[in-house]
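The following pair of complexes shares a single chain, chain A, combined with chain B in the former and chain C in the latter.
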Partner chain A sequence: MAVSTADHAVVADPGVALAAARARRGAGRVLVTLARSVAIFVPVFLVATFLTFALRSLSGLSPAHIQLGESATPDAVARIEHQWGLDRPFLAQYWTWFTNILHGQLGTSWTNGANIAELISNGLAVSLSVVVLALIIGVLFGFGLGTLAAVRRTTWIDRAITGFLTVFSVMPPFVVGIVLVTVFAVGLGWLPAAGYVPASVGTWPWFTHILLPALALSLDPMADVARQLRSGLIAAYQENYVTGAIVRGLSPRRIFLRHVLRNGVGPALSVLGWRFPTLIGGSVVTEWIFGLQGFGRFANDSAQAGDVPAVQGVLVVSIVLVVTFNLIVNIVLGRVTPASQRGV
Partner chain B sequence: MTRTLPDGTVTAAVPAARPADPPALDPPAAQAAALAVRDVRIRDDVNDREIVHGVSFELRPGRAVGIVGESGSGKTLTCRAILGILPAHFAVSGGSIEIVGRDIAELTTPQWTDLRGSTISAVFQDPASYLNPSIKVGAQIAEVIGVKTGLRRRAARRRALELLTAVHLRDPELVYDQYTFELSGGMLQRILIATAIAADPQVLIADEATTALDVTVQAEILDLLADLRERRGLALVVVSHDLAVVAQVCDEVLVMREGEVVEHGSTADVLYHPRHEYTRLLIAEHEQYGLDRYLAGEQRKELDSVH
Partner chain C sequence: MVRRVLALPTGRLAVGVLSVIALLAILGPTLAPHNPLGTSALTLTGPSWKHWLGTDYLGRDVFSRLLAGSRTSVLGSVEVALIALAVGVVPGILSVYLGRGFEWFTLRIADTLLALPFLIYAVAVTALLGNGIPQAMFTVGVLVSPLFYRVTRAATLAVARSQYVEAALISGASIGWIARRHVWGKVLPPVAVALAQTIGVGFVVVSSLSFLGIGVQPPAPTWGGLLASDLGYLSYQPWAPIVPALLIMATVWGSNLLADAIRDVSGEAGRALLNSRRARARRLNPAEPIPAGGAAR
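Our next item is the complex of A and B:
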């Protein structure tokens, strides 16, 4: 019987042509990902910074009232506003402020004239230490618990894990924080109850000081990651390609690691993307409980004092953090499941 | 569906048993069966009903057996039982299945993993869903080769490219680096076949492997299966609801209905001397609704005037 084949393509030098084609495809993918990310990042950044800058005009706050009090004469107010350049046209002010931001300069505080970029980076070192550790704990345990629950689905292990996670996710971090302080710091005396020690002083003291707040913050992302991973993995296990892999004679271990995990991890990763900003936001309360001078505390204090440049700085840094983190998650997601980039 | 035979005559696929095919009988007794299915019964534990009531056939290396039946006739469950992948709460409740002489009832999970891919493998309908959407198709073939034959990366890649050529894909280098969502159904079925034969199995089960494909692609895939059978001595189990598909590649046909084998014999016997009512119906339907009917215009008018 004649075997019918598709007509043969005529290529002058197949080797060279194919290598070139493959290189183009590879480079094309990276470029598309980058271009797409930039196309999202730039407008978001522009709109968000513009709104942030408009805050001063919208709030009607002025450095003159902070420095001179409410009873200042209009002349004095005008003089101080001139010093701060606030009498210039709005767009001109925005342009100066925006170009400064691009150079990493966030201006000076209205209340004490300190360099805002410096204040924020001090606070951020504390907060990021806590939040990153919380994320690491959350992701590690979340992955472990989610995987275990999925592999042992419908058994008592699955039910116990799901139950625990539900309790975790409904407990607010401040309650968990207080419980942790009571048990581990006050009761057992294993860990310090409050304060922060920079990593430059010593890794161990730094770690012990951020461990409890990080634990308090980690329960939420842990529960989210575990639950998303569990349902993602269970859904992936029901896919035909798992049957395909079994029939091809791949071992259960390989099927889990290479086929199921890869396709089931998507929702858990995306959840991390929007978990990060809420973690930073949630750290305000935790920083109060653990007496940390973090980013959240700084934001809160600045807002209370009406220190507009400081608040603007906080917002700009938050925007950059959130957008960057989501960018990373998107890129990882694109690498792990290429189809997700096509909206498939 | 029509086929052009080498001598240039156009014939309907169903009545045309290929003259080159020897009848399935008079076996060289020495040759052991690659697959032996003996009175297999499958039960659904949930409502405690028997779904498949005794299927038996033997498949020697290089031979092909076809299972025909409507959906729900138990043909897919039979295949899954042979592969040891029955869905939850279905179980083999009677009979035995032997793959190259080993009773599958006694296999442990690692033994199953060993056996699948390298001794028995399968392809299915909707090939896209049976391949991982997140891994390049070439890498999935190379994975099977690497795991099953222990070849290193480069060698496995070279072997995978050879397989892509063997299943008649043009431009294997390009296809190797593509994902399932970038390929057509016909190409994916070829790739799925390549993954299935990557570890050189003796038995390949094709469960409705051509059903979702259009007619020309379907014919090409069937040709490919016949070609693999000829060149590699692959034993085939071809499952289809379409008698024409089975007739095209198989020496022996089982007709199933509601879990029962209603007819079993050589392809020529079943086509020309159907004993069971249902088989006659299947053939009659082909004659009545097949393309040939439309080609014979006069007969068609006749038919119209009757109604």
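Our next item is the complex of A and C:
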């Protein structure tokens, strides 16, 4: 190690060339990972949107029944269905709908004719602030607890953390939500029980309103990340190269950061990608509990009203969110543990 | 395998918790002391001898509603698990044998189902296809099925590509015999683990759906529905959600424990674990009188 740094210092040019080559290779690797992930997620996106679109035919709902009620004449029904283009062949409808989606147009609502993309983007700000905060809390505490448990493995700290994580993982978000409301909003009165304040009004009110829902959502990813990280780190600690590093006299911190963490973090990161859909799904329930007008609430309301295009819009947005997030996770994973690229 | 699971303390605990829940589901509706739908003038009272868990905002007995709701909640999660099993296992096994086209196609479907935020899908599909328990169970079951697909596929792949199966084929064993002797034993434990996990997952989803009032008609009691109605009256009865929440958590915990116990005892690793436990027990036995004597003194 010492020799190679000396080399760099003395002969500057090869060092620069080496760094450039390394950067090039790194960039190439990111591109390869990106291409590979896109190749996986394009079929996922296609199949998922197809399933979403097929929902209308499966449900047999029609805008005519919402607008005209149950006692509509077949004539009027046919006229309205023609207006919405529902009498065209299924695949033709799918194609129009799909190209519109690629242009960011999600259509108009059956119930009030409003632009769905606008309605969803209003709710998305609320949902995303909650979900992102939940992710941050989950990842921070998950990494902290998992690392602590792995470093102090088989001590009482490890056992206490594992026990807490087990309790966290069996608590569904709505149970956690109710507990949090009972304790912090009703019992102690520290935080508001429901509602949302946009960040433009003030950062602190905004934060207090989204803290409880985010906490309710964060326990699940926290438990998962911590457990995966703990077992990943413990497995990495038992590798021969770690023993070798200890024998060579490297400092514990260096061993942890360079040898153990990079090799043990993979499962925790990929479980995060897996968990993201659950997080988005969980927002339906937490938004209901905390009275947030987010897009999960919007999905629930429009599904119960039978507003098919609105539901499809929400589903498409959630698919896009999940796919994007997984792309990011895959790229990070490819950077941190290159070995994971072999078997995506 | 059942005996091996019961040999572990966690296995016994899991089976115990789950059988209590199952008993509740079977006997609950008949045990209910009051009519779960009968309203009275006594609204939002605390626990008493007449109403063990108090009454809700319409004066209905909470304990009876809890008992009556247990069947819907538990049966729902079992249904989800069985549908997922049926939808997932068969394509999982076939994907190994039916060639690359089928394999690619089913893998993409499984990827997609895994990527769907399934609570939103369950809400959407159930509400759009008519608000009923069967629709809800079917949707959730299909959405969870990739777990079974992956697990069976992995196990079948391992068996199908192994040398001892090839050796058995060469020495003239029939496909049926191989399936019984080699495939069954290798595929069954992971499927059992997945089944136990799915019951837990299905339970959370069913409770979430009934919490949102999806899949059940309002007066019918469910554990999730009880929590939802408690939520509106938290300032009067902050303790009300405790019992349904604990029951839900116990069920999920029991199925997770069972999944862990089955995973621990199945396969070669499981046999090694049991053997080492037995060996340790035999080693410890002669030493036992000493701490016992210490405690007596």
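To be clear about the criterion, the second predicted complex is superposed on the first by the 313 of 344 C-alpha atoms of A that agree within 3 Å, B and C clash if a C-alpha of one lies under 4 Å from a C-alpha of the other, contacts with A are read in each partner's own complex, and residues count from 1 in each chain.
The rule is short, and it goes like this: a contact is a pair of C-beta atoms (placed from the backbone, for glycine too) under 8 Å apart; a residue touches a chain by one contact, two chains touch by 3 or more.
None of these values were measured; they are calculated from a predicted model.
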Original post:
A:His103 contacts which: chain B (first), chain C (second), both, neither?
Top reply: neither
Original post:
Where does A:Val336 make contact in the superposed view: on chain B (first), on chain C (second), on both, or on neither?
Top reply: first
Original post:
Just chain B (first), just chain C (second), both, or neither: which does A:Ser318 touch?
Top reply: second
Subject >> Chain touching more of chain A, residue-wise (chain B, chain C) >> reply: C
**OP:** Answer with first, second, both or neither: which of chain B and chain C does A:Arg258 touch in the superposed model?
**Re:** first
Subject >> Partner chain in contact with A:Ala299 - chain B first, chain C second, else both or neither >> reply: second
Original post:
Which holds for A:Met171: it touches chain B only (first), chain C only (second), both, or neither?
Top reply: second
**OP:** Could you say whether A:Gly244 touches chain B, chain C, both of them, or neither, answering first, second, both or neither?
**Re:** first
Original post:
Which chain A residues qualify as touching chain C in the complex?
Top reply: 40-41, 43-44, 47-48, 51, 55, 58-59, 61, 166-167, 169-175, 178-179, 181-182, 186-187, 274, 277-282, 284-285, 288-289, 296, 299-300, 303-304, 306, 308, 311, 314-315, 318-319, 322-323, 326
Subject >> Interfacial residue positions of chain A with respect to chain B in the complex >> reply: 1-9, 14, 18, 21-22, 25, 239-241, 243-252, 254, 258-259, 262-263, 336-339, 342, 344
Subject >> Touching residues on chain C, where the partner in the complex is chain A >> reply: 108-109, 111-112, 114-129, 131, 200, 204, 207-208, 211-212, 214, 224, 227, 230-231, 234-235, 238, 241, 245, 248-249, 252-253, 256
Original post:
Which positions of chain B touch chain A when the two form their complex?
Top reply: 6, 18, 20, 83, 85, 109-110, 113-118, 121-122, 124, 126, 129-135, 143-144, 147-148, 168-171, 173-174, 177, 179, 181, 192, 195-196, 198-199, 219-220, 223-224, 226-227
